[in-house]
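Before I ask anything, let me first share the structure, which is written out below as structure tokens.
Each chain carries a letter (A, B and C) given by its place in the written order, and its residues are counted from 1.
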């Protein structure tokens, strides 16, 4: 009586999972392929060797990507969460403008966002660097954060907050001790999406990256025309393994902290 | 009612967006009304050339193709995402399943597309499988056409659809479904008349996160598309870099933005009226 | 506590000054992907004790779009000939003082005479000269002519690709018809467009990115492409399967050049780098890595392997020049080719 949809959801989920993991399986297989081409010719660890010992550039690029992803996601989540709370529950003078403007970066094609930011930085004389990439990433992540947190606030029972005020809580307390903890799943989801989007991005990053601030997607994109080396496959597999490990570790920590 | 702190909360984001989005975009819109510089850039002279060039048959044809491919991908994505999100939301292992869905997307996007090329290509896995099992006798052309573009677009945007849907379904009160069944509704009726209307917000978000980016995509059609799948994102990139026609690129971008905004507003209006009705009717 | 805090910024500034004084020279090079072997770059860093920062781009257009929009900070860029003309026109390049480049004399004078985009090489130093050609998978295709007409063959339908590059494709068609690669005559262009539309029926797609991988995996049997990309996908054992040739009619060719940007932060280091690249042993190593014909006469004795094709093969080829406003004609034609069905 519970599963009113029967086997359809399970089927859909399995199809989705297969859909998602098939390319990954291919990736893993080819990272152990002895030759460069896409036909199997024997097991080999040569690409991993090259990755670990001859690819300083790749690791530097990865490092930069991670730094930018974390910093821009934290900033975007903070700005976006506060903004979502403000827009959702209050009325103020520029509310309509801000709520629409926060939503717009989603609609614009990335290449235009990239060029427009580049023109802005050039006009004010801000040299391109990791900082400009940071600015760009925060900007395009904001609408996602606002949307996700807003939808979480949608189901929030405001009377809880009112009760807190009635009990004498100040604004800061109400925010930190009531609103944020209850919306935490939404905030965490927004943060994760921001990190993912930031790690992936290459169109906008291409335009605002300065000399010496190549991120991983840029490095890979620039290789595309000339054949992506299987070293990248090896790197992707290692990153995947690391992310999985991190994710399950994170879950363990989360469970330990929040669900004694 | 206490002090109105809304403005304080929204100020940081308002400032950021104005500085780093509204201002640059206004510049772009401005550029679309100017004349083209010989080697890129613009000449500061008012001109409607860019908008005039917008209305040519080839471009309109491409716009239509883009709309079609984005719409079909969004629809198929929804069809798959909805039941999948439902399954995750109702499962005991929902957090693990969610993680499982997200993790593949921490691999680089371009690499995953290359993996798809390996799977769908003439000498790829799918063809090898079909040939070996005797289902087909020649190579089926999965790649470098519209079908490949749709599949890869779906692949790209599924998690962005699943997450908001999951979030909405998770908050849904399933006893409503049971109540409907008790009152004699069939399974389908229960789903379409009770479940779906209540997760309208989630569906809207899922559509937004899928349709809009799909519309402006250019990496996917570039890499796996073929003669029949030229999309607007590719055109903008070309006009900007190869033709160095900044006003035209800006004009196309402006038109694209207007088109997507209108479609989204229309969709939201439809949803909101239904959603508001429901919300009002529940005490 | 307060006193220590107040001293801190002073300490930081002092530290920065010390580090700044002892800092090495920094050189920013912006080049095509895979265009310089990593060991050559490392040797430069060690030999000159200059901190070399090396960024890459996939095409002239992407590089130019960035520089034109105001990106600053690079010393050396490597544009193709037509873009050198454009950059000279836009005032983006610093004049080259050949007295500071003793190794400039090593470059083949016959090659220098063919340079039209920068008369006298006032702003650029040639790096590599090459052309796109046709690669045929000999194991799959038995008899064929060494000509662009191979793309007319319906029996190879859907197994061929051409480059997604309007100058390369239209240039090939123009040369095939006997016209100039830089023609701006509307009648000639119309005929070239018709030829390309005919070829389009037989190709799978226009692809400038995955043609090499597709070719190596057997997906495509005939591709228009660059030799260095294609051979990169092959181990030495399988090289005989590939026949790469520049068609008899000739085609568009290009020269990539080292240039110093006008706003380059460290021109001295830039000269050191260019001179280093053209030193005979270094240049020979680069040519061995890339497989291009060798334009540096002093380097030729040091070559360890045969290039993928020779300068002689390029005799019927023509440099792609900048067409200025007339590029619109090509744009229009290419749009119709790409967007039509």
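Operating definition for what follows: contacts are C-beta pairs under 8 Å (C-beta built on N, C-alpha and C of every residue); 3 or more make two chains touch, one makes a residue touch a chain.
Here the structure is a predicted model, which means the values were calculated and not measured.
Note: the chain lying farthest from chain B is C, by mean C-alpha position. For the interfaces B-C and A-C, the C-beta contact count is higher for A-C.
Chain geometry summary: the mean Cα position of chain A and that of chain B are 16 Å apart. Here the spacing of chain A and chain C, counted between their Cα centres, is 34 Å. Within chain A, contacts with two or more other chains are made by residues 38-39, 115, 119, 221, 224, 228. Shared interface positions of chain B, i.e. residues touching 2 or more other chains, are given as 114, 121, 123, 223, 240.
Of all residues in chain C, those that touch two or more other chains are 59, 62, 65, 69, 209-210, 213, 217-218. Considering their complex, residues 2-14, 16-18, 20-25, 27-28, 80-84, 86-88, 90, 95-97, 99-112, 114-116, 118-119, 121, 123-125, 154-155, 158, 160, 162-164, 167-168, 171, 174, 177-178, 181, 187, 190-191, 201-202, 205, 208-209, 212-213, 215-216, 218-219, 223, 232-233, 236-237, 240, 249-250, 253, 256-257, 260-261, 264 of chain B touch chain A. Touching chain C in their complex are the following residues of chain A: 35-39, 54, 57, 115, 118-119, 121-123, 127-128, 206-207, 210-212, 214, 219, 221-228. Put simply, chain C touches chain B in their complex at residues 59, 61-62, 64-65, 68-69, 86, 89-90, 158, 166, 200, 204-205, 209-210, 213-214, 217-219, 324-325, 327-328, 331, 335-336, 338-341. Residues 1-6, 8-13, 15-17, 19-24, 26-27, 30, 38-39, 78-80, 82-83, 85-87, 89-95, 97-98, 101-102, 104-113, 115-117, 119-120, 135-136, 138-139, 142, 144, 146-148, 151-152, 154-155, 165, 171, 186, 189, 192-193, 196, 199-200, 202-203, 216-217, 220-221, 224, 228, 232-233, 236, 239-240, 243-244, 247-248, 251 of chain A are the ones that touch chain B when the two sit in their complex.
Residues of chain B touching chain C in their complex: 38-41, 58-59, 61-62, 114, 117, 121-123, 141, 144, 222-223, 225-228, 230, 240-245.
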